[in-house]
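So that you can tell them apart, the chains are marked A, B, C and D in the order they are listed, and the count of residues begins at 1 in each.
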């Protein structure tokens, strides 16, 4: 049955429209400077923009210049970059960075998700206290975290081997061999950054409305179904953000390595940051190190672009 | 109102800038009160600094010049010296520096030529090698391209610590098992094999090492007659002697305590003082003092100290130098007062003795052989002996420290971990050092 | 106390036109309601008057002053927000006192005036509480009190009653109306609720898609809608629309649709032939204007399919060949679903299909 | 994940039970459920205790190590409690003027935090509350987001070289400026989220009531967001307190040395005492623990704002 109440046209006053034009599109700057209000706003933003230029634009431009010259300031074109491609030490460091991210990021995410779900359950008593305990590592500086774990792993001072010995197993000298040192560092990193995953995912879970579970239960969904169909889609944006932040955090770490293995054994635990620091300050080749900086920047910005995109999408949805 | 707001913001920003500028403490007292001179010294933390600090009152009493010592963390001290050079900082009048940094210090324009400026001379009580190591350009050995100018080799620092790396061994166990102190590295291996007993209770390990430090590696290299560069700065790490050193380390690492290749000084010392380790290489200044400290050590008085074992019977016992000297900062504003301090510390036998008593390491023959000192520091005669061999210094190149930290140290560490054989390690490191030195002229 | 004059107000957000060349004069002491569906530009218009938005074109005068370049605080207007926008960290007293404090009013006077206003609004008991602890109605009154206490020249109200429950709303709108009369202050009141508009307004400005559709007294708006939009939007039971065309039949003009044939008065027929030469127009009739008899006779017959008893009256849902009409009958109606009615249409409007304008 | 859905499914089951079972039967079932509930609660709590243990044990161990004697340190297996506790390490660490490092860290982190907020709050306000072109704000905010991700080591070299050319290496104010600048992007990003959470109405109401913009910010907006502002300040402070890489490049002397560098300095080279490192590490963690427990509510909000806001 049709209800023809919406007969058109309804606007009724097209007659007036003719003599009003939308404002001519002007440049952003013209628009900003036209109004006093906008000029004030700009004045408020400018200090931050200056900061942005100082930490962002200037270093990138400067790095660009450094790459093209050698340590004596002579222009050498792209020689630093081509040299980087044949630098096995650099390649090792890059691979180590990625390898560590591949292990640390998923483990931290799972751990963080598990803890977030536990804390959110009604069985966890005083949530605020649990949360503040669990996020402590986030606030411990890299170097202190590294120092603590160096002591934990220490063959004689360390606690890590005590349970192994109690179980009758051979104690492991964690930082001695390349593969155990890798595992050890991954554990430190998981300890240090999994609270970030926990926190983000917990925040994400809190955005899931409780009543959708009730609705799902009424609709006959099992607990698992409800988790997969309700929880996961809701926290997916936060999950992506967490993934990228964890990736960035785990690749930029330097203090934990400095304090635990100092890159050893051999160069088995050199990551990009460590390589760049050593190259610029111990091996005294800041120009060459800048080439590695560019690689790291690219890595971060690819991750960062995805990060902003996700965040943007999320904001628009609201 | 808007204007007031804007003005407020501007004022705020100004306040930010101003208070930021006022945050640091006022400049050194030297500038504030010209008649009351204070010289500042930067040094690494630890016994080095303790010795300097101990003599400050005495120096002030005798000269009226105040001294401020800034002890800096070990791990980044080298980086700080580099940064001092870069920034042409005159904040410190004197830099207490390790000898391998001489290339960086002189190349960075940090060092005053003491012979030219103040007519510094050599004291006969001090071994020649201790002066040679602080002379620039290097009197012998490879000379960096930039410094092959034919200028005479002149003193750019005065030694205050005549340190040299040495070998320690448990004398009581040697006697018990009927061994003589090891003459060569083959003897070391033999003894290690005989006494190594990781499953005993308590365990006992045949050899002990600081696996993370490049200096043990270099010492092995020198003592076997190897080196990083020849006199023309060609890389010779991967020659026969160099590979022999790495291979020797591969064999020695079988007798290490578990995780020994990750040890730093602390852990190395801990093994020795708890009576679990037989022998190894170590710096006298810190390690040996701990061995002889009865409060914490189980082995005080049971140790034998000697120059490093030789490559073959009859060959010289070449050790490695680790001298610390006072560099007069070229950017200093109190050069004369600073020179007075250098003179006072270096040329006066009594002050050198006092310094050693305060925990410093001697550099004068007479102090090394001072009976009172030997009482508590029994390794001093052996140390002087090692100095007279003479020992070798680390390569005179700005890249040497980087190579030691980034290539040689890791190579030894990888060998110690069993991740690489000695042969592989020396080949790979040789190639890496060649790449590192590409285009380097200083 | 001042007149508000809006001349040629146009507001663009980017390329979107929110208000389109609006001319409006609010006489001193009048209560003008801006009425329209959400997104029609009524709130934007009011925010332009308040100084919270910058007009793209056009001028706004309050009294004799052109206020385009004045800050909100320089315009001496008060605004009551839909969300009340109370300061959650202040007590109710502080909320009301805030505008006075900003004007450096002496303390005793503040106390006196706030107390007076609170008494006037019946919220004396809430004064020491924070807004979060007050009920919706109390919050609403606090917001009102904050606007009243400073005695502005113009009140602006942005759907102030939309967040409180229906019963309270009926009281509050009378209350606001009374206050406005007592204070004699010009008021611009924005709402999408036509009942609110009808009951409160001296003048109603109906807006749609950024354009003023009609400005008139509530009676005019209801009885003489300027176009089909106004006709549809105003009226609690909406107007019925019957699309069709005008034809000559038996020397009389009739509006002929698929369902009905309705004779059109002579005067209107003349006007229609001028304004709408092609004859395509829609007939609009208010439910209460549909006359009916329970009879199988007559041309325009239709069947009742649903009754909506409202207590005071009953709405009859009538259907014929896909067309749905609503008519009103007394509460005690005897008509039952399934009955066939004979309809007659006396008072109705014709709207030109091409422009939507009423033909009169 | 079991726990999340737990309650809802439970009520569902209860509903089914009550409608289908007899009275006695039902009681038995309910008792069983209660037991299951207790079991679940116990399980959750046990897991949480394990997680807390995993989080805290390194700190306990370090604090313990700092008071162990050398003999205890060399003991195998390590002693869980010291037999002969000594405070030598603590004496040493204070003799090494760690108090000065702490003061440096406090000064640098404190001032940098304040300045950072002074720069970032107006910017975030302008970006969210003033009528700047949307496109412009979008670009600025996106840039800020990207900068917040920039690894500090990437800007460290150019900034260091710039600093050494200007001769401002090794000054506290340099560190303050750098920390201010490095955190600005992050702070703006986070503050923007915070501002967006406050309805704009309230501020507009203040404008209508006759307040100036600045007055509305000061009297209305800032008091409203104070808890978030406070937690962001704490967060920035902790960032600055922990900052390592920039300090590594820019600290040359005791007069500027911040705590992280001082701690790294304690990692022994020619030193003997792990106790000293441990003591230094313990000192560095203390403020973090204090912050975590006294400011828990603020902190959790602050930490989640940037992305969850």
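As a convention for this text, a residue touches a chain if its C-beta (ideal position, glycine included) is under 8 Å from a C-beta of that chain, and two chains touch if they have at least 3 such contacts.
Just so it is clear, the structure is predicted and the values come from calculations on it, not from any experiment.
Should one ask which of B-D and C-D has more C-beta pairs in contact, the pair is B-D. Chain centres here are C-alpha means, and the one lying farthest from chain B is C. Put simply, the C-alpha centre of chain B and that of chain D have 39 angstrom between them.
With centres set at the average Cα position, the gap from chain A to chain C is 52 Å. Averaged Cα coordinates give chain A a centre that lies 15 Å from the centre of chain D. Each of residues 1-2, 5, 9, 75, 79, 270 in chain B touches at least two other chains.
Counting partner chains per residue, chain C has residues 54, 71 touching two or more of them.
Annotation for chain D: residues 73-74, 76, 119, 122, 131, 212, 248-249, 264, 267, 274 touch two or more other chains. The part of chain B that touches chain A in the complex is made up of residues 2, 5-6, 9, 13, 75, 78-79, 82, 104, 211-212, 257-262, 267, 270, 398-399, 401-403, 405-406, 409-411, 413-414, 416-420, 432, 435-436, 439. Looking at the complex, you find that chain A touches chain D at residues 28, 31-32, 35, 37-38, 40-42, 44-45, 47-49, 51-52, 54-56, 58-59, 62-63, 66, 114-115, 117-125, 128-145, 147-152, 154, 156-159, 161-162, 165, 191, 195, 199-200, 202-207, 213-214, 216-218, 222-224, 226-227, 231, 238, 241, 245, 248, 251-252, 254-255, 258-259, 273, 276-277, 280-281, 286, 289-290, 293, 296-297, 300-301, 303-305, 307-308, 311-312. On the side of chain B, the complex with chain D involves touching residues 1-2, 4-5, 8-9, 12, 16, 19-25, 42, 44-47, 70-76, 79-80, 83-84, 86-89, 91-92, 202, 213, 264-266, 269-271, 273-274, 283, 285-287, 290, 296.
Interface of chain D with chain B (complex): residues 69-71, 73-74, 76, 96, 107, 111, 115, 118-119, 122, 160, 164, 167, 169-173, 176-177, 212-214, 248-249, 252-257, 261-262, 264-274. Touching chain D in their complex are the following residues of chain C: 14, 50-52, 54, 71-73, 77-79, 81-83, 85-89, 98-99, 102-103, 146, 150, 156.
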